[in-house]
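Each of the next two complexes has subunit A plus one other chain: subunit B in the first, subunit C in the second.
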Partner chain A sequence: MINLAGRDILHGWGKFVFTGVGLGLLIGVTLSMAGIYRGLVDDGQALLGIGGADLWVVQRDTLGPYAEPSNVRDDAYRALLGVRGVAEAGNVTYLTMQVQHQGGDVRVMLVGFEPGHPGEPGNLVAGRPITRSHYEAIADERTGFRLDERIRIRRHEYTVVGLTRRTVSSGGDPMLFVPLQDAQEVQFLKDNDALVNERARTAANPAFNRPGVPGLLEAVQASQASSRTVNVVMLRLAPYTDETVVAREIRRWKHLEAYTRADMEEILIAKLIATSAKQIFMFLVILSVVSAAIVAFIIYTMTLNKVREIAVLKLIGARNRTIAGMILQQGLGLGAIGFIVGKTAATLWAPIFPKYVLLLPGDAVLGAALVMAICALASIVAIRAALRIDPAAAIGG
Partner chain B sequence: MNLRLGRKATLIAVGLGGAALLGWLVMSQGPLAPTKVTVATVEQGPLVASTFGIGTVEARRSYALGPTLASRVARVLVDQGDVVKAGQLVAELDPVDLEERVASGRLAAERAGSTIRAAEAQLAETQSRAQVAVSAARRSADLRAQGFVSQEATDTKGHEANAAKAAVDASAAQLAAAQRDRDRALADVAGVGKLRAQARLVSPVDGVVSARLVEPGTTVVAGQAVLQVIDPASLWIKARIDQGQAGGVRVGQPAEIVLRSDPKRVYSGKVERVDWVSDAVTEERIVNVGFAERPAAVPVGELVEVTIRTADLANVRSVPTAAVKRVDRQDGVWQVSAGRVAFRPAKLGITTLDGRSQIVDGLDVGDAVVVHSERALQTEGKVTVVPAIVRAAP
Partner chain C sequence: MHPAIEISGLTKRYGEGDAAVDALKGVDMIVQPGEVVGLIGPSGSGKSTLLKCLGAVIEPTAGRMALAGEAIYDHGWKVADLRALRRDRIGFVFQAPYLIPFLDVTDNVALLPMLAGMPNGKARDRARQMLAALDVGHRAQAQVAQLSGGEQQRVAIARALVNQPPIILADEPTAPLDSERALTVIRILNEMAQRFGTAIIVVTHDEKIIPTFRRIYHIRDGRTYEEAGEARAA
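Showing the complex of A and B:
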């Protein structure tokens, strides 16, 4: 028995393949959109994975440090280390800022961490960890900084000693890791003009600059020029410790807020990126519907273009099953070409996107199943139309 | 028939090709792809452990010169950077009435001198009067013995002699009092003179004026500094070293000093003091480092970077620090075998500033360890070894 579908395709294969490629690019866009959505969620999860923390301790009644500002005294970790079950603690600060680089500026999230404590970036793709307690930095690849490059942050120059990958804030800004004390200084210290102005302002205040009390002004100015806060204390727990128990203990007795990884995911995904994720998800749904509709129209019109041929087939006594099989096979073939082209295209252009695009195999399988289902569905509509064709159309038409 | 078979074969080949392309893409590009890693081997060689800190240039000996009394500054004779000698007058405070008080004291002393002279004259007079009275009384007593004068007359003469002697005593006492008066007045003069001397600020050492803090006309309180003088030979660095890295720092260790104003040049130095008291708030230890040769002009307060060599290890095993990971509170490294990774615990020693970690135990020379990886490694995870994950800078 001859394969009608194959013969028909080979008869006009150019048209068929180009239709498939066009369809494939559309599917590629849809898959990419799904990848962008997944990437957004994954960025949030990657953010939680960077420091290797089990618990995040932040200012009371805040959803810090990612979703809300949070300030904790930097000696709070000492009290936290005393809580049963806590093995390691590390102070971490976050500050989103612009860093000058090669004439332009790069938007980065400046992360201050203590080397050797939770909050340190775990994996480098190049270079080495920070070994000096000042003026060294580890940068995410996406910042564009290179190893051994000197970058200027506020008033000091830092040497980039290591590079990381996929260390981005929930907003997608690449991270720049520096030692905690440098980060605290950056967070607090204004530019020099602001400092001088601030000093003059304090000196002009008679309460701080009294003639009979030498040294008072200097003391006040010194007290203004120090920052002793961090944004979060990351805790690593001893093995087999129930994190919810420790979190409850900290909430109750240390008067700070403590979030477990599950809480953090909830905050990040349900609160912080919820709107943008929903936005993209909505777009994904619409794109899928539109793609499905276009696939259906293409298969339908493809069938209707062959009215005369089908009528001839009917006239020579082809069975309905043969005709239906031909249309269905063509539809599925189109779907398969489209999916392969789409998946390839999406995979190839994913790394070019400025933000992370995560193409999950599960999504691809689901996409393939959906494409095939839509093609089958569209074929059925087309088959119904084909079966209604009058064989007389072959001669009369 | 052949033609048909050929077409069928083409179709199948195209289909297989498509599936293979898809399979390759899924396995090599997406999340299922093996993690790219780079490896390095354990090396044997010398390691230098150092610790790094930042600090400021300070003068070990700095003298704040100020008055002991609240007063107004009259003159400031030197400015920042001036070289001064020990004992040189550097500033003067307004003495207000101190000069007049000295003059008044002198006058009082002179007046006391006059009183002394008057008392001496009076004493001479009473002494002479007493001599006359005593000889008159003696004569009267002789005459009475021969019966020429009455007993009454003799008694009168005796009384006059006694009274004259008492008058001598009184005059002597007055003279002594007058002398005390003069001494007191002189002591007053000396005291006020010392106060006057305090109003002159002199440098206690040979040094350089590092700060001129107030200008003439300013009123300063007791103890407030007018000028600051430092001994430039005593310049050293007050470096703050993170407590976590300060463990190996000892007095006498060599150090390298880089000034912020001259970052290209490295000065050599030596640890001179390690503070006994650590800063509990900043969690830093204060370490003082002296210059081996003092830079020509170094502003006090300038930021410096200090690198202290804390240990020299001649022949030890080491790996890049980026290879060292912590899994389940245990230090170790990842190793690749047959395309999969496994964690191997190792005991670590020192870490150098250029990023090498000493292996004390657990690994042998030549063992390959994973240095960089695209993402966090999992036990038994698939990896491919590549020369570099990030393309090197052009």
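Showing the complex of A and C:
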């Protein structure tokens, strides 16, 4: 038996292909939306992998450091090192800020860490780790910074000594790693006017400015100009240590909150990006409905354009399933062209997106199945219309 | 030998109650194998309704209809039975050729035997033979849009004949053609009727082809009146 659908497609291939391309671009947007969601999740998981931590210790009753602000004393790590099973501890700060670069500015997440401790970025794609205590930086390559480039952060200039890849915040901002003390200064140090004002206020306070106690005023002022706070203490545990037990110990005895990797994934994915995920899901649903409506309309129109041919086919003895099969195959053909175009388009334009777009093969397979299912469903309207065509319509009168 | 078509007292009513319209009011007709019969009547006389009943497209309200001695509709015929009847035992030629535009000439003709389950290669061979018999064999590979009106109508006739049905129903097959081509089409139908023993009913308004029929049925107000060739000659 002749493949009627294939012949019809070949006969009007231009119209069919252009329609498929249009549908494909819509499918491409749908796949990209799914890719953006996957990218959000992957960014979150990549974020947890950056410092090589097993436990994140943050301010009590907070979901810090990524989902909520968290302040922890920077000497808390000493006490944490005393907990059984803790092998290493490292203070880390986070601050999202704009950094001047080549006449514009780049939004980065500034990460302060202690070289050689948890929190240090792992595999560098270029350059070397930070070896000095100050004014060296490691940048994610998406910042656009180059090796040996000098960048200005607040009052100081930093030299980019290393580059990383896929080190981004949960919001997708590329990370810029600097030594902890520099990051604390950037995060907590006040500007000059504020410092002068604070000193004057302190000097005017008789409780601190006591002539009988030399050095008191200077000590108070020095304490106001320095920061002893970090956002998180990252812990690396000894091998074969149960992280949940250590986390429970820390919560009980250190009056801090401790999160395992599973806890952090829950916070990042279920809480931090939950709203974004719902937003994207809504877009996916709407785009799927729009795609289905477009396919249904196209197939329906194509079918109505063939009323006379279908009537003749029925009159000369074509079975309903032959006609239904022709329409269904055209719907599926349109879906196949649309999916190929959409997948290609999504793959090509994914790198242009400012945020990471992760197109998983599994999602592509699922997408293909959904597109085919939608096209099959969308064909039903046209099939019903075709089956209602009276073969008598081929005979005049 | 049974007549190819034998109908008696055939009626068809559309609608019910006060809105009911009797399109056919007891039509009688007999057509023998190999005979080409004209069916003539004004608009609204019931020609198309009769053709649809004969074509197993609509079921008559009452009366008897037999094709080659087999009564149709008498034994609770199902849709599939009627479809098979149309496919295997009735050929249709329409006012316009109504060829499938996305199939080439050969496949337009081969489609019928394919629908009947014949393998593609064999169906195409048979289609080419039929196209050659109708003098359009040289256009077998052409697309429908590349054919002239006359060639398209020949292909339509080839499609109607390819399964060698005992009956062909032709609904104003010469309407879009000039006199020469119209007469050619009628000549071809006559040749095919002689060659394959096919009974052909030609519905027409076309004055130039009416004299070619040996027998004519006039239909008026849902009733048929036979006019024999001798009577017309007189």
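One rule holds in what follows: the second predicted complex is superposed on the first by the 383 of 397 C-alpha atoms of A that agree within 3 Å, B and C clash if a C-alpha of one lies under 4 Å from a C-alpha of the other, contacts with A are read in each partner's own complex, and residues count from 1 in each chain.
The criterion applied here is as follows: contacts are C-beta pairs under 8 Å (C-beta built on N, C-alpha and C of every residue); 3 or more make two chains touch, one makes a residue touch a chain.
Since we're looking at a predicted model, the values are computed, not measured.
By the touch criterion defined above, A:Gly64 reaches neither subunit B nor subunit C. In the superposition on chain A, contact of A:Ile340 is made with subunit B only, not with subunit C.
Once chain A of one complex is fitted onto chain A of the other, the partner contacts of A:Pro361 are limited to subunit B, with no touch recorded for subunit C. Residue contacts after overlaying the shared chain place A:Pro118 against neither subunit B nor subunit C. In the superposed model, A:Pro239 lies in contact with subunit B only, and not with subunit C. Residue contacts after overlaying the shared chain place A:Thr131 against subunit B, while subunit C stays out of touching range.
Among subunit B and subunit C, the chain that touches a larger number of residues in subunit A is B. In the superposed model, A:Asp8 makes contact with subunit C only, not with subunit B.
In the superposed pair of complexes, A:Ala392 makes contact with subunit C only, with no contact to subunit B. Put simply, subunit A uses residues 2, 7, 10 to touch subunit B in one complex and subunit C in the other.
By the touch criterion stated above, subunit B contacts subunit A in their complex at residues 4, 7-8, 11, 15, 18-19, 21-22, 25-26, 29-32, 52-54, 219-221, 223-225, 241-242, 244-245, 281-282, 305, 320-322, 325, 328-329, 351-355, 371-377, 388-390, 393.
Within the complex, the subunit A residues that touch subunit C are 1-2, 4, 7-8, 10-12, 308-309, 312-319, 322, 390-392, 394-397.
On the side of subunit C, the complex with subunit A involves touching residues 47-49, 51-52, 55, 57-58, 80, 83-84, 86-88, 92, 94-95, 98, 100-103, 107, 110-112, 114-116, 120, 159, 171-172. Listing the residues of subunit A that touch subunit B in their complex gives 2-3, 6-7, 10, 49, 75, 87-88, 116, 122-129, 131-135, 141, 146-149, 161-163, 165-166, 181, 211-212, 214, 228, 238-239, 336-337, 340, 343-344, 347-348, 350, 358-361, 364.
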